[in-house]
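Look at the two complexes coming up: chain A is in both, with chain B in one and chain C in the other.
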Partner chain A sequence: MTQPNAAILDVQAISISFGGLKAVTDFSLSLPPGALQGLIGPNGAGKTTVFNLLTGVYTPQTGEILLAGERLNGQKPNRIAASGLARTFQNIRLFGDLTVLDNVRVACHVRAETGFAAAILRTRAHYGEEAAIRERAHRLLEIFGLSHRATDLARNLPYGDQRRLEIARALATGPKVLLLDEPAAGMNPQEKMALADLIAFVRREFGLTILLIEHDMGLVMRICERITVIDHGVTIARGTPAEIQADPAVIEAYLGAPDPPDASAEGP
Partner chain B sequence: MTKLLQTLFDGVAVGSLYALIALGYTMVYGILQFSNFAHSDIFMTGAWIAYVVSAAAGWAVIGGDTPPLYSGLVALLASMAFCGLLGFGIERLAYRPLRKAPRLNVLITAIGISLFLENIGQRKELFGTQPQKMPQLLPDTTLFTVADVNFRIVDLTVIAVALVLMGVLQWLVFRTRLGRAMRAVSYNIPVASLMGINVDRVISITFVIGSTLAAAAGFLYVMKYPGALKQPADSTWILLGLKCFVAAVIGGIGNVRGAMLGGVLIGLMEMFGAAYLSPHMRDIYVFSLLIIVLLVRPAGLLGKATVEKV
Partner chain C sequence: MLSARASALRPGLAWVLPRAVGPLVAGVVVAFLLQLVVVPILGPFYEKLMMDIGINCLLAVSLNLVNGFTGQFSIGHAGFMAVGGYVAGAVTYYGSFVLWGSAAVHGGFLGGGDLLFLLGCVVGGLFAAGAGYLVGLPSLRLRGDYLAIVTLGFGEILRVLLQQTGDVIFVPAQIEQASAFTLATSLGGALGFSGIPFYTTVFWVYVMLGLLLVVAYRLKESSEGRAFLSIRENEIAAEAMGIDTTKYKVRAFVLAAFFAGIAGALFAHETGTTLNPRELGFQKSFDIVIMVVLGGMGSISGALLAAGLLTILPELLREFSDWRLVVYAVTLIVMMRVRPQGLFGIREIWELGRPRRGAQEKRP
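On to the complex of A and B.
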């Protein structure tokens, strides 16, 4: 049973190594319901690996992942999606050969009650459900300003629309927790502002808890309530945006340590 | 004129058979990116099951009563059901454990399955090594004649059944929830899985559908050519499978509509070549068409040039 104030997503010391490389070491995270947390770190720090661990692409070698009290590690990605954890991708991974509408609809299936057999037999329950899925998909497209592109193939969308469609598709799986992997990558400042508003809106509208990877510090500092910083797979700082900005370990990770005074003297 | 129309009709009839088999190759390739070379043996099994069922029902007695009208339907459904299960089993036991293995391993496994099915089929407990003659489950009469072209019931049935099955498949893939999931899985398996699609189930269903279509083609083939049941390991089955694989490649492998188009094209090519050039070189026409298409459009007629998936 989960207490009202218990974390909706509780990650306890998960680790994974590939060969000799420790990609993520003892990563812990506790997201209260409704939180919007940032996950930042230099390139190659292991941020996306954390997302892959959470969503079942990789199985953690140690540790526990609990979503609303349900143990997720070791489950298949589609089971994890069904449990209520959805994500977007750093480099866009839409179903390019499907229409915009179908991209969203296919992600709605996981919440569908009737199975494939009903789809083939065309039962009444299936019809009703298909109509509900269609309506839900259209509503999501409307929220993301993509209604007019519903029948286009996803790969023909402009870049910014593809990024928004990824979020719409993730929401279609009906998540409790949404993982956004660099949603603002490649966007201009205006688009980033609009995206920040959109994230705030869907968070309220769908009662979401959000974990966000983002390189744009301005965006992270503005919208995240708490931030976790990792470097080389190790968590080096946790706190509010203000605390993080002042943290020497974070500054060191991003800018490198100041040279020891005698380092330059020993040069060749 | 008569010859032209007759050849056209025969070409479409044979071509729709090829199309049914080509669909199985193309669907599996579309989702798993490997050529299921055991597919021709599913087709072979379908043909033999149709015979076994007819023999068990007493319809294959030479000089016996004319089989009842429903006999064709019974044999068709029995062989589709059996091959559907067979396809499911093959995927579950042989291919699924290799899902993350290199493509070459899966390909070799497919060849192994193919040899296994052919040789186990030769067991006397199963189909045996004796050539059999498929009984005429459909009346062997000419339904009507237009401009001296004979429209035989068998050929019309072949075309009708193939059209209906392809129509159902078309609807299934492009109009239903299952089809949406299949297309998503075919585009990107890991992402489909992350979006909550049960990939294993979709792949199983794909094998079942492909195998039932092959079984239907096997049944229709022996209806059209009752003497084709020489041996389960006879090379005609392999050659047929190969031709249908060529049909899938010509249409653009992975593309459902392409497989239908490729099948019909190959049927026409073969029949026209046999009628107007030389009947002894019919296989050569098919493979020449393959070479030409690959030279002009390497991705096949309806295939898209492959772009790197990001």
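On to the complex of A and C.
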């Protein structure tokens, strides 16, 4: 159905308000296949709310979300994941008391075909699928440098490893589009650079389209091709990293409006 | 891409068949040996104790599917047990009258009576599973305490309904004339359903327990079961990873209720027990919850051990039976202080020795 140049993720003017608070207003986004786009904005701008709208945690009150032509709004989160939209969480939500391997294997389940009866009867199909899931999970752990941690409980991982496991787990669902919510939060500069390379690698390797929320401007400017900036739920700028850096509206959102008499004040 | 690889990795039938069927056969053989060898040596007192332990193991392991695997807090498990017990009891009691003219035990091992009993167990289990579905579907929109209250309410409603049933009919002529509805509502009321033939043996209890253990273990070691566990760990993340949490919660409820129903059927046909609504009330539900909590949420072997301990303990402390609840309460408080995750946590007994490297490395 989709033309070669059509957007894989097409978001048309979605909005949601909680009571009187307009959390997100007329947010639109069009991601061509293979894009790596950034979504930035000051704290409380509504970035994570956008993710929650896209992944079905909230239902948009207006607008449309289309993934490869399939309408997603109003669907439950698990259906959306099955359609090929996966995410990570800003506040890490791993399955803490499961092993690292099992965290990834749980996410493979959405692509599993044998059901309850096969698992209980232990049919040939069951064994085949378990082996395939195990293989796939181990491959993902290898890519993310977590193989030696496979049998550890997820909650015992160091912070950086937990962030990487979140991405590995999201990839295990076999997504077309990956939403990363502050994947580098709490990492040191070396880890951030390694993560940037890793994101670039998995994007090529799995043919992914990625939408990234990140506060670290160095990382965003380094890997994103295009950036959308929102503030108070409203899109205030779109463009390449260079355009965004020069955009007065963005600077105002982050640093506040310059005082008229002393507009040339230097930053810290 | 996963399915293509899965069919490539599919093992041969000769490899799969013994692994698929072996444990079930082993379960039946063990149950058979228990009945034929162990019971004659130990005598009737221990026979009864073994049956009690087996039934409590069935209850604890099945409740563990809901409370331990899926992380939903249900305290109405005895309600499902009651459904299974009463349905199975009605099937064998009134069925025996229709077939053989009296409720006495009919036929020997695997004779006609045993087959009727087996049918009663399955039908009881299915009715309980149906009840599990009915309770599960609307109440799984609720979480935590609210779900607990709904399950508790289910158990209490059932208890009151059973108390309203009519007296058990024991005159063959009346039974022949009575409609199915009359029979289904003549379950003894508050006095209890007396006269159910004693078909339960160590063999049947442990065949059913073996079946449940195979099901529970295979579930835990499969993709399907990991979906259950992920709901316990983090429901929001589980949904985001494509797990249909409602479907799996209902599934856990139905499966647990089915085996609770079978446990109830075994209980109903056991020597020395009376099937009455009070016996299967809140108190019983709470006993089962304690077994699961003590054993460790999600640990199958933990639930077995705890169910065994908590069945034997009252026997050992028979002269202090007034203190049983005090001992329970103190045990729970001590457990909460010392080992809040239960005896084994979520691990199985054979996994206890395994080092968790991450846990040690973290300590500075």
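Everything below uses one rule, namely that the second predicted complex is superposed on the first by the 259 of 268 C-alpha atoms of A that agree within 3 Å, B and C clash if a C-alpha of one lies under 4 Å from a C-alpha of the other, contacts with A are read in each partner's own complex, and residues count from 1 in each chain.
The rule we apply is simple: contacts are C-beta pairs under 8 Å (C-beta built on N, C-alpha and C of every residue); 3 or more make two chains touch, one makes a residue touch a chain.
Just so it is clear, the structure is predicted and the values come from calculations on it, not from any experiment.
Under the clash rule set out above, the superposition-derived model of chain A with chain B and chain C contains a clash between the two partners. When both complexes are overlaid on chain A, the residue A:243 reaches neither chain B nor chain C. Of the two partner chains placed around the shared chain by superposition, chain B and chain C are both touched by A:169. Using the contact criterion defined above for the overlaid structures, shared-chain residue A:152 touches chain C, although it does not reach chain B. In the superposed model, A:102 lies in contact with both chain B and chain C. In the superposed three-chain model, the partner touching more residues of chain A is C, compared with the other of chain B and chain C. Of the two partner chains placed by superposition, chain B and chain C are both touched by A:110. With both structures placed on the common chain, the touch criterion links A:57 to chain B and to chain C. Touch criterion met: A:124 reaches chain C, while chain B stays clear of it. Shared-chain residue A:132: touches chain C; no touch with chain B. Shared-chain residue A:78: touches chain B and chain C both.
Overlap of the chain B and chain C contact sets on chain A: residues 55, 57, 76-78, 81-82, 86-87, 89, 93, 95-98, 102, 105-107, 109-110, 112, 116, 119-120, 130, 133, 169-170, 173.
Chain C meets chain A in the complex at residues 1-3, 5-13, 16, 19-20, 214-215, 218-219, 222-227, 229-230, 233-234, 236-245, 251, 345-346, 354, 356-359, 361-362.
By the touch criterion given at the top, residues 172, 176-178, 180-181, 183-184, 186-188, 190-199, 201, 205, 310 of chain B touch chain A in their complex. Residues 55-57, 76-78, 81-82, 86-87, 89, 91-93, 95-98, 102, 105-107, 109-110, 112, 116, 119-120, 130, 133, 169-170, 173 of chain A touch chain B in their complex. Residues 55, 57, 76-78, 81-82, 86-87, 89, 93-98, 102, 105-116, 119-133, 135-136, 149, 151-153, 156-157, 169-170, 172-174 of chain A are the ones touching chain C in the complex.
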